[in-house]
Structure formats: structure tokens, C-alpha cells
Amino acid sequence: MHDLADLLPVTRRSAPLVHFITNYVTVNDCANITIAAGGSPIMADDPAESEDITRLCAALVLNMGTPCARTRDAMLAAGQEANRLGHPVVFDPVGAGASAFRNSVALDILRHVRPTVIKGNISEIRFLAEGVGSAKGVGACPTELVNEANLAEALSVARRLHAATGAVIVISGPIDLVADGDSAWAVDNGHPMMARLSGTGCMSAGVIACHCGAHPGEPLRAALCGMVCMGISGELAHQRLTADEGTGSYRVRLHDAMSRLDADILRRACRVRQLA
Amino acid sequence: MHDLADLLPVTRRSAPLVHFITNYVTVNDCANITIAAGGSPIMADDPAESEDITRLCAALVLNMGTPCARTRDAMLAAGQEANRLGHPVVFDPVGAGASAFRNSVALDILRHVRPTVIKGNISEIRFLAEGVGSAKGVGACPTELVNEANLAEALSVARRLHAATGAVIVISGPIDLVADGDSAWAVDNGHPMMARLSGTGCMSAGVIACHCGAHPGEPLRAALCGMVCMGISGELAHQRLTADEGTGSYRVRLHDAMSRLDADILRRACRVRQLA
Amino acid sequence: MHDLADLLPVTRRSAPLVHFITNYVTVNDCANITIAAGGSPIMADDPAESEDITRLCAALVLNMGTPCARTRDAMLAAGQEANRLGHPVVFDPVGAGASAFRNSVALDILRHVRPTVIKGNISEIRFLAEGVGSAKGVGACPTELVNEANLAEALSVARRLHAATGAVIVISGPIDLVADGDSAWAVDNGHPMMARLSGTGCMSAGVIACHCGAHPGEPLRAALCGMVCMGISGELAHQRLTADEGTGSYRVRLHDAMSRLDADILRRACRVRQLA
């Protein structure tokens, strides 16, 4: 997958419009990282216009970080319209498993929308993999992280959710896992300090959507490229941090790094390995 | 218009309260740039209180970046109350033309509220100029930018919207155009990197509202001063950017520059010319 | 209270989950400052899930910065559930006194929820102290600040609200006042530049909630520790500001400072004195 780096300049040139229906916590970071990654963001979360807006765009992000009935309905309407038009849909099931309502929103989306990519942490992806068939309410899972020790188990969870949905599955963590039915990859890029910022997960979904929008037929490579771009940006941001700086500066430098990323940087820093 | 610089210290001294009904994407940037520009922001977007809040304030911003029925109703109620009290109203028709719902919100506002200033990009202003009379649904216009070549055509669009609404019209772009029925001005301040940040347009409307609130009888000069303040801040932010910084640092420095702006800086850096 | 510094490492180790129902203006700053202070934030503002989410958490923040009927109902449901479970509730009555609706929300919360800590500026706390019994509508109070001259009067307001609610009362200002029925303290930490950022008040409530969540039996010390942490972060941020920086950099450095705070820094810089 050394040619992942070739996706970035194409994404920057095509500047895909990305429609976000997302939470109000990290929405500004999503907007700015999308521009930094080469896309152009539009936020519109009301059923009165979500189909219209999605029609104008090259990709759609559904992020249920702060769900309510109104935005759920907007997500369902936009998701179905994007499916109808063949636009890539990136689903970020934030907090799936944490409340009965959130669980019902996640399962409603999977019942009515076919996501192109589903990106979550291991708890969220496990909830979806188990919940799709049974629709049972599930309490919040303990936080787990994908590492070398549980990589095989995480892959089997990803494979189950792929089998149920047809989507490319991304499980984020110290190691990111990206898999579809044919192949599976581990992304070793990233830095532990990313976990000390709110919104790096949401931003990742936005960056994936940029690459999906510019490369609609290649969701696996687009998802990999998105995770690699975020991971390398997290590494570069840390390298530039001075001794007396903390999370505030780290966030600024993460945006700096993404906005300056190019194919050469990507090629040199990309750490992706095939698992299956 | 060299005396534009005189508005800033008065705005800072009077510290006008500015009521924002705005989108949740760039709202934090709007709050912080308002303080940096000398005002004091209050966000309140529910019809249950939007009139009460507007009564306390010196100016009102109506920004339809993420519209829904609830915030539309809050905008109409607050806008009418501001009109009744003679408070300046700055209308930012974000995304006008992009969806039937957004178009209906924009036209509802123009039918029921008399904005003091309308600020948008050329697509948004053209939609309003054409839509006020006919209320026709219009799809998203291609992105255009005001430059030397289309300045005269942009001015005629601004003049048409002024004739229909009585408002001072601001068309933002590489060249900003500010016009009422009597005169028209071009603002050459600004930097291309401003377009790589989410929210510079929304922030401009907030800064205009600060100056309108402190100078309620002079909307044309207040609008010009707001655009000049934003443009110069964008230039200073770029001057201070080091070689390894990107959009994250640029955003920080934009806020830095606005918070440090004074009449001397404005006088030296202001690049405004009269067109008509 | 020199042992205040001992609370911080315990908070960092226990990493309490904090549920926020808060405004969309400063919500991202609240999320990031919570992580920087040692907690883990979850935002969920819909009645469909607010009880479920609060059950998972160690503390709850109710901030009415941009209230509507939906989030009011979510605050009431979550607040009552937190009370039932004995979870600390930090109430930030943003803008109490500014509109009839906001006043009714504030009083509804006090009628149906028993906050552990109430934090506001002197106008907001005075409104609550006067309004609890009478439920009268009150217009916006002029901005006042707690200083040496009015400290005794502020204390009497805090004592009245404590008597009516049983909560630890925090009045923020150039001097912060923290009081319950037994003792009262002044916090002299802080820097005037904090008032030039949107959201420092909201962030303070979040930091208090982190310490309350990790030390549920000690709300007075937790509230004091939260205000000291914010004040010292504000001082350190200012010390690190270079001559050509402004409010944008100040905000970044405030987050930096909070994320790097430890018991040693706290012990050296803490300026707390007992008033009663």
C-alpha cells in the first residue's frame, strides 16, 4: 500500500464537498481538519434540508456524538439519499453502547443506511457487531484499546461487522485496524497524545470522508489513507512540541501538520502493514 | 475613509453587547473574535428568549449556517424586536441557495426583518438579490470570488439587493465590496489563507456587528471598518506565521492580531478605495 | 488548605467521567479542559438519554448557556438521576437574570435538583439567591465583579444561596469566593486576561466537576481546587505570552498550563485565604 500517498494530491486537487451531520462538541475541529485535509465541509443537520445538502456533496459523515430525534432523522434521510446517489457514507457511531437511545440510533442507521466506512473504537464496533442482529440494548463497554495482544480478536470483530454491513471497518486505537472482506491492515502511525485531545476520532472520520469523496470507488484505500494522514499529523505535532507546551499547543500543531501534509511526507512516514 | 480608524477605539470603549443567533460550527470563533474586536457576545437561539436577549444588546447577528425551524423562529422574533428598538441587525445568509429550506429561511428573514447590513459571498448575495422578489428555489451557485474582473458586476448585484432591502451590502471575497445606495467601496485588505479557515466569514459579521453596535447611525462605515479589521488581522496573522506552521497556528494568530488591533495599526494598513 | 494540591494527582489517577449538559458555544473548550484537568468528558443533552449517560459518570455539569426546552428537560432528568445516585452536580447558571425563560430554567433546576456546587458570577448568584423564594422575573443585572471592597457583601449573597440550596457556592471574579455554611475562602489566583476569553467560567465548572467526581465527599475542597487550578493556569498562560501575542495564543497556553499542572506547581502557586 505504498501508493496510499498518491491519494492525497488527488484529494487536494478535487477538493470534495463533505456533508457532516455531527455533534456540536468537535464540529469546528471537523470543519477545519477537513479543509486542512483538502476537502470543503458543509454542516447541515436538519431533516428539512439534509437530503438537499447531501445531493451537492461528494461524501457524507454521520456522527452520533450528541444525538437527538431531529438529527437522527436528518441522518437517516441524508444517509438514504447518499446511498441512492452512490455517495460514500462514513458512519462514526460515537458512544454506541452508552445509552439505550444512542444504541437505537446506531441500529436505526445500520437498518436504513448502508455505510461505506464504519469507524469507531473497539467498544463501539463490538457493540455494532453484536447488536445488528439482535437489537438488544447494551450498556457502556469498558474502554479497551487495540494493541498487538488483542489484534486478532479485534480483526474478528471487524470481520463480523463487515459481513453484516458490507462496509469497510476501521477500529481506532494505538494500532488502527482497517479491514473489509478481502484484506486487513494495521496502521502503526499515531501518537498517544492524540488521546488527550477531544475530537481526534471525529476528525479521523472527516479525513476519511475527504479521501472517500475524491476516490469513491476505493473505500478501503481511502480509509487507510485517512487514518495514516491523521496518525502522521499526530506524530509531527508531537515532534514540534516544545518542553513547556501541552495539549493546547498540540491541538494547534495537529491542524498545522495536516494542512502541510503532502505525498512525500506521507510516503516517508507511512507505517502500514497487511494482516490478512 | 481614512477616519475609519477612529471607529475602533470608540467600539473598544463602549464594549457593545452583541446578540448572536448563529450556527454551532463557528460559534466559538464568533464569541472570541467579538471580544477581541471590543464587543461582548451573548448567544441565545431559542424563541423562548431571543426577544428578551436582543433587548439587552446593542446589535444582533442573524447567521443561518445550521438552520432549523427553532432557530429560524428565534431569528424572526429577535430580528423584529431589534427593528422595533432600532438596533442594528447584521444578516449573514450562509449557504443561501444551497437548499430549499435554507432559501426559505433567508427569504422569510428578508420579508419580516429589515437588516441593517447583509454580508455574504457573491453566490449568497446574488441568490438574495434574485430571490427577494420571486421566492424561487435556487440550487447552489458555483463558488465565485469577487476580483478586479467582475467587480462592476458584483457591484450591480449589491445595488439590486440594497434597493430591495435598504441594507448596506457587503460581498466578501479576495476583494470585499461594501455598498449602499450612495457610495461603494472596495476593501483590498485580507490574505488568501483566510479561506483555509472555517468561519472567517461568520467572524467578519460579528466584527461588523460590534462596530454597528457602537456606531448605530453609521452602518456603512461600521461595515467597512469590520471588513478592514478582519482583513488586516488576516494579513498580520500571515506575517507572523513561521515556515513550519499551518492553518492551526494561522487561526490562533488571527485572534491574536484582532485582539491587538488599534487605530494606529488600522490607519497604516487600511486599504480601502471608493468605487462609486 | 495547603493540602488542596493533594487532590490533583488523585483526580488525574481516577480520571472521572464527567457528563456535561452545556451550551454549544464553549463546549469544545469544556471537553478539552476536562481532559487536561484529568477527567474524561461525555456530552449528551437530550432527555432521551441524559439519565442513562449520567448513570455512567462520576459527576454532572448543568450549564444553561444556550437553553431551550429540550436541554432544560435533559438537565432536569439528569440532575434528578444524579441526585438519586449521589453523584455530584455542578450547576452553572449562565446568564441567570438575562431573560424570563433563562430565569425559569434556573429556578426549575433549583426546585427539582439539589446541586452540589453552584458556580456563577455575582449577578447570576444574586439572581438565584433572590429568586429561589420568590420566582420573580428579574432583568439582567449590571456586570459587577467581586473585589476587596464588596467581598463581605458577596459573601452574604453566597451564604443566602447556600442556606436555600445546601450547595457549595462559588462566585467567580477577580477574587473568587468559595463558601458553604461552615467556612468561606477567597482565591486570589487568576489573571485579568481570562476575562478576554469566552468560556473561562464554563471551563471552571468543568474542572470543579472533575475534582468533585474524584472526591465526591469533599465538594468545598473540590470547588476550591478547581478554581485554584483554573486561576494558576491563567497566570502561567500569561507568563508565557510573548510581546506580539494576544487572546488566541493566551487560550492555547491556558490549555497547555492546565494539562501540565501537578501538585508541586499547585503547592507553590496556590493563593487561598480563609475569610470565615
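Letters are used for the chains, namely A, B and C, taken in the order the chains are written, and counting of residues starts over at 1 for each.
What we mean here is this: a residue touches a chain if its C-beta (ideal position, glycine included) is under 8 Å from a C-beta of that chain, and two chains touch if they have at least 3 such contacts.
The structure presented is a predicted model; accordingly, all values stated were derived computationally and were not measured.
For the two copies, chain A and chain B, the CA superposition rotation is 120 degrees, given to the nearest 5. At the chain A-chain C interface, residue numbers used by both copies make up under half of all numbers present, so the two copies contact each other through mostly different positions.
Chain A and chain C, compared by their mean Cα positions, are separated by 33 Å. With touch defined as above, residues shared between interfaces to two or more other chains in chain C number as follows: 24, 28, 251-252.
Of all residues in chain A, those touching chain C in their complex are 23-26, 28-29, 65-69, 95, 98-102, 139-140, 196-199, 244-249, 251-252.
Across the complex, chain C meets chain A through its residues 24, 27-28, 31-32, 35-36, 41-46, 48-49, 52-53, 56, 70, 240, 251-260.
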